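Next come two complexes, and both contain subunit A; in the first it sits with subunit B, in the second with subunit C.
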Partner chain A sequence: MMLPFNLEPLSDSRYFISNLAGFHRVVARETLELLAEQGDGVLDAGIKQDLARGLFLADSSAGEEAGVAALASGYARRLTRDLAFRPTFMIVPTLRCDHTCRYCQVSRAALGAAHSDYDLDARRIPQVIDLIARLGTAPYKLEIQGGEPLVRFDLVQAIYDEAEARLGATDFEVVITTSLSLLDDTILDWARGRRVVFSTSVDGTEVVHNRNRILPGDNAYQRVKRGIRAIQRQLGPDRVAAVTTVTKDLLAHPEALIEASQELGLTELFVRPVSPYGFAQKSGTGTYSFDDYMAFYDRLLSLIIAHEAAGGQLLSEYSGKIHLQRVFQPDFNGYADLKSPSGFLLDCVLINYDGKVFGSDEARMLQRVNPELDLSCGTVDHFDPAANPVYHKILKESLNAVHPGCEQCAYQPFCGTDPCQGISEQGEPVGDKSRSAFCQYHKRMFSYLIDRYYRDPEARSVMESWCHA
Partner chain B sequence: MRYLDKERYSEWVVRQALYWLTPTTRWRLDETENQWAVALDDDSYSAQAELDRLLNDFLLRERIGRRTETTRSAIADAVIRSIQQRLSES
Partner chain C sequence: MREAIRQDVFAVPEANLVPAGCWVLRKTLPTTPDTWLNTLLVTGNGTDASSSNAGDICTIHSPELFDSIEDGDVGLVNGRGSVRVILSRRANHNTVLVTERCDNRCLFCSQPPKDRNDDELLMQAAAAIISFAGNDVIGVSGGEPLLYGDAFLRFLEIVQTHAPETGLHVLSNGRAFADRYFARAVAERLESPVVFGIPLYAALAEVHDTLVGAAGAHADTVRGLINAGNAGIPIELRIIPTQKNLQELVPLLELALRCFSGLQQVSVMNLEPTGWARANWGQLYCDPSLYADQLTSMVRQAEAAGLPIALFNYPLCHLPDTLHPWAVQSISDWKNYYPDTCSGCTMRPECGGFFSSSQGQFHQSPRIIS
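Entry: the complex of A and B
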């Protein structure tokens, strides 16, 4: 007896199938044809047993009712797990920045702009931490964003001190998202004994990086290189991580990224396409197709495999890793984009420099480019998501299982939704998935990774070490 | 113009396939009594091949879906019961 499942074709004649409980299998087209034509009675015993174990067929001894109950309970388990409210608290101490990156995703304010217009008022910090204490539970995750947060290192320190006093000295961790251009000994000394890690951007080798990440009058790459080295040396290698925005300049040169990571002593890459938010669209640097991006990703993965085969240290790639973990590790839900209900508000509460609060980083970016919309859920002193009908609409429609397009998609149990991207591209949170950049990107990533995992033993072993590292 | 027999291709299959064809090409759907008439802006071999692939996959989905129709609604009811139970326990 067949139980419901969805299917997506892979690059050969095989299909990826999955069900609501989040189980998956890769099967031959003939198996599906047989099932569709004659039901499961004609299947080979081994295949039948395996499909029954994954709840694609009801176990004949236990009957259909038991199969339905098991699928339903698996789905309910996934939903309640993704529904948990466990946000990262993002704080933007300033929008001012010393860089003028071509694709700036968050928009920025000039370094010399008035502090009163673009910096968090220090008197608000107790309120910020109070809101975090009321909404979150230990261990709290705080992420300091910008602009360039180290422009106001004094505010970063004040946020940390207040968190220590109010949340408990060992009950929180702070990630500072920074270009590292302003890192100095004072900051390193301060970070040494504290629960602080740095997240920075490396977009390739010096030439590629500097073409996009512009530090007027200085060399952005040399600055980030110096910063990463200093953190690794003085604080330890696990205190700094790097994210790569794949620009058109990098697209043809994935080897530049491997070279840069070697030079910088980084063992984890985190590559992402240029964001569709902020000013990226206007500058023209984001104009490449997802096919181009996947061709880049394919070459990058092959280079990582070759690097390891030649005796180099294993390099992992975080975007690939989270897609794989969603598929292969049923309890993994640590990435806001790949969750249903979406991670909007459930995974992120962003407190902006002006005291406004948003349900995601994307919401504040969208707000900045669409000042006529209100995408906030109140302010630090009056947090109230229920007061904004946009929040009600987004949260109500954040379950991808009922989105047209996702309903039939085999990646749906592992995928998510990005309501802000939907609003940005199509004017509403659900949108037409066939035209959605979110869908095009994640669908390609899932099918590429799964296809290669089941087709290429070398790739599989590298991917497995990413997931288990 | 591509003509598809209504006896072989249901409206669901044709509309689903065209939905996912949108990134490849713009299209228009008309019908006669017995056929769907699909006009593609990009009539190239690769666009036609993509349409064939999509039609083929949605036919398979439809046939499999038919065999599990009743189970789907039984699952929806069971999911709601199970979530209510989980939420009342937590």
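Entry: the complex of A and C
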């Protein structure tokens, strides 16, 4: 007898099926047709056993009872895990930035704007770390965001010193999200003995990067290249990682990204479509379809496979890796977007330059664009998510198993929700999934990766190395 | 039997005069009598044996036994002239048997069940554990201990009240936990560290039911594992690879990782040539080299999920080097030995060796580790 499952078509008449406990199989269309029309008695014995092992079929009423209990228990485990409060603490020391990027993902302010309007008051730092100590547990993850945080390197240092004193010298790690344009020997010397890693952006080769990442009067690509090289040389290869925002300029040239990674000595790529936040929507640079994006991703993966086959070092791609880990690795929930309930607040507490606290990076961007709303969960000296009904609503409505459009999707157990993106696009957290950029992107990624994983042995072996690295 | 690392059975002719049962073994006369067990004074060479048979105290003379025990160990006297040291302060692991009845009939059962009433064993075991008063974990084995139902709850209460320092490791088929009220009742009584070792041999019901010789066992044990984990009972999941469940190993681990809570460890256990496993050896035993890939995949999956996994009863030379870090020295000393060929092996100090029952057709020779 059949136990409940969802299904989605892949290419060449195969289907991806999954159930609430997170088991999946790829089966032929005819198997599903036989099952639906004539029941499991007519299935090939091997197929039947394979489906029973994944709790898609049960062989008796006792087996059905145990199977339903196991599905329920598996679902409860996923919920419990995704409900855990294990936030990354993001701190925005300043909103000012030396770049004027065309699609700026984070809100920014001009470099010359008044410090008092856009910088964190240094006297607040003890309160910031106090809040982190109260809310988190070791090992604490701190992420310094911007603007460009190195505009106020003095505040970054002060935050680190306070964290060291309050959280314990080895109980935290700091990620500095920066364009590296301001990286100098002073900063490198400071970072050397400290638990600091740098996260930066590389959007392709020099031409593509500089077309979007504009550093007035200077060359953004040369700056980031110099910065990455200096960190690798002086601090070690593990101390810097780069993310790539795929712009229309890069879309036709995935090879530019491989080239850039070779030039910069980076072995992990992290590519993402232009986000619908901040100024990206307004500028028009981000306008391309998800079909175009997936065509780009397909070519990029083929280039990665060819690069390795030609004896090059294996390049991994982080977005693909986390989608695969969600499917193949039972306990994986390390990415805030791919969680249900969503990672909003549970995975992130963002302390803004003005002392306001938000449940995600997206929420503070949304706040900038919608000043009439209050999307904060209090201030650094009065953190109180319960006081803002928006927080209650967002968390309550972030379970994709009950979202229209998600409840029958076979990728639902592995996917998640992004309530802020829903609010940004459609004015409310759930939204119409047929118009949701989040759904279009993630569903395409899951479908593409699964299809290729089960169809292309070379791609499969590359994907497996990503996951096991 | 090959000579084991620690001898546990001693022939003491005069012990046939001692009533059968559990005795606390003393090397000197205690000032206060033991509350839980009668005292058996053991004398060796040069000990004064004059203080014999006063009150509840019996005395036997056995230099061999005297040299093998510590004061306060517990012995089982069979009334036919032999003493078995069941709880030993020198042992690497102690186990008490609480029943020989079982609702499974595992093809590889190391302690073939008997259907006679042996209810007296449960409270005898409680008295032995309390009298022994050790700080280590004591194994509680059967048969199926949970067949006692409510009596088992009382056993837990008594042992934990009177031997609070002693941890318990209960070996159970978990079927009784299919009743979630019983699972909750057990969970409510767990104070000192108690772990339940529960075996599941397949994701597929028919394979598990065949191996354990009981229809419906898989459904019970799966529900039992879910209920026990959700009630907060710490569980060690035990898996024995055989010829009949090789295809099940990886799906079984996925089932455990996705659906079971409360798992402390997964233990993959090489078959022990004891009991019924000897009769069924030809259709069960599988050379580990035939499922090394499955073991590797299991280890990788468990590690990725942060669940400890251990390989029990595998001589290191039967596993690929890459799996050595997960192999543990698991065989109890009274049934553990190293064949002569192992004497020159540099890995021997880290190796778990062989079961002393592993000989003749049941023995897989040591191999060169390349």
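FYI, the second predicted complex is superposed on the first by the 465 of 469 C-alpha atoms of A that agree within 3 Å, B and C clash if a C-alpha of one lies under 4 Å from a C-alpha of the other, contacts with A are read in each partner's own complex, and residues count from 1 in each chain.
Rule of thumb we're sticking to: a residue touches a chain if its C-beta (ideal position, glycine included) is under 8 Å from a C-beta of that chain, and two chains touch if they have at least 3 such contacts.
All values reported here derive from a predicted model rather than from experimental measurement.
*Asks:* Counting only touches as set out at the top, which of subunit B and subunit C does A:426 meet: first, second, both, neither?
*Replies:* Once the two structures are laid over each other on A, A:426 reaches no partner at all.
*Asks:* Under the stated touch criterion, which partner chain does A:468 make contact with: subunit B (first), subunit C (second), both, or neither?
*Replies:* Once the two structures are laid over each other on A, A:468 reaches subunit C alone.
*Asks:* Check the residue A:405 against both partner chains and state whether it touches subunit B (first), subunit C (second), both, or neither.
*Replies:* The answer is first: A:405 touches subunit B but not subunit C.
*Asks:* Tell me which partner A:434 touches in the superposition: subunit B (first), subunit C (second), both or neither.
*Replies:* Only subunit B; A:434 stays clear of subunit C.
*Asks:* Looking only at contacts as defined up top, I'd like to know whether subunit B or subunit C touches more of subunit A.
*Replies:* Looking at subunit A, the partner in contact with more of its residues is B.
*Asks:* Does the superposition put A:313 against subunit B (first), subunit C (second), both, or neither?
*Replies:* Once the two structures are laid over each other on A, A:313 reaches no partner at all.
*Asks:* What is the contact status of A:53 with respect to subunit B (first) and subunit C (second): first, second, both, or neither?
*Replies:* Touch partner of A:53: subunit C, not subunit B.
*Asks:* Who does A:66 touch here: subunit B (first), subunit C (second), both, or neither?
*Replies:* Once the two structures are laid over each other on A, A:66 reaches subunit C alone.
*Asks:* Scan A:370 for contacts with subunit B and subunit C and give back first, second, both or neither.
*Replies:* Touch partners of A:370: none, neither subunit B nor subunit C.
*Asks:* Can you list the residues of subunit A that meet both subunit B and subunit C?
*Replies:* 69, 71, 73, 76-77
*Asks:* Which bits of subunit B are touching subunit A when the two form their complex?
*Replies:* It comes out as residues 16, 19-23, 53, 57, 60-61, 63-65, 67-68, 71-72, 74-75, 78-79, 81-83, 86-87, 90.
*Asks:* Mind pulling up the subunit A residues that touch subunit B in the complex?
*Replies:* Within the complex, subunit A touches subunit B at residues 2-7, 9, 20, 29, 32-33, 35-37, 39, 64, 67-69, 71-73, 75-77, 79-80, 404-405, 408, 432, 434-435, 440.
*Asks:* For subunit C, which residues are in contact with subunit A within the complex?
*Replies:* 203-206, 216, 218-220, 222-223, 226, 229-230, 248, 251, 254-255, 257-261, 300-301, 304-306
*Asks:* What residues on subunit A touch subunit C, complex-wise?
*Replies:* Subunit A reaches subunit C through residues 21-23, 49, 52-55, 58-60, 62-63, 65-66, 69-71, 73-74, 76-77, 329-332, 468.
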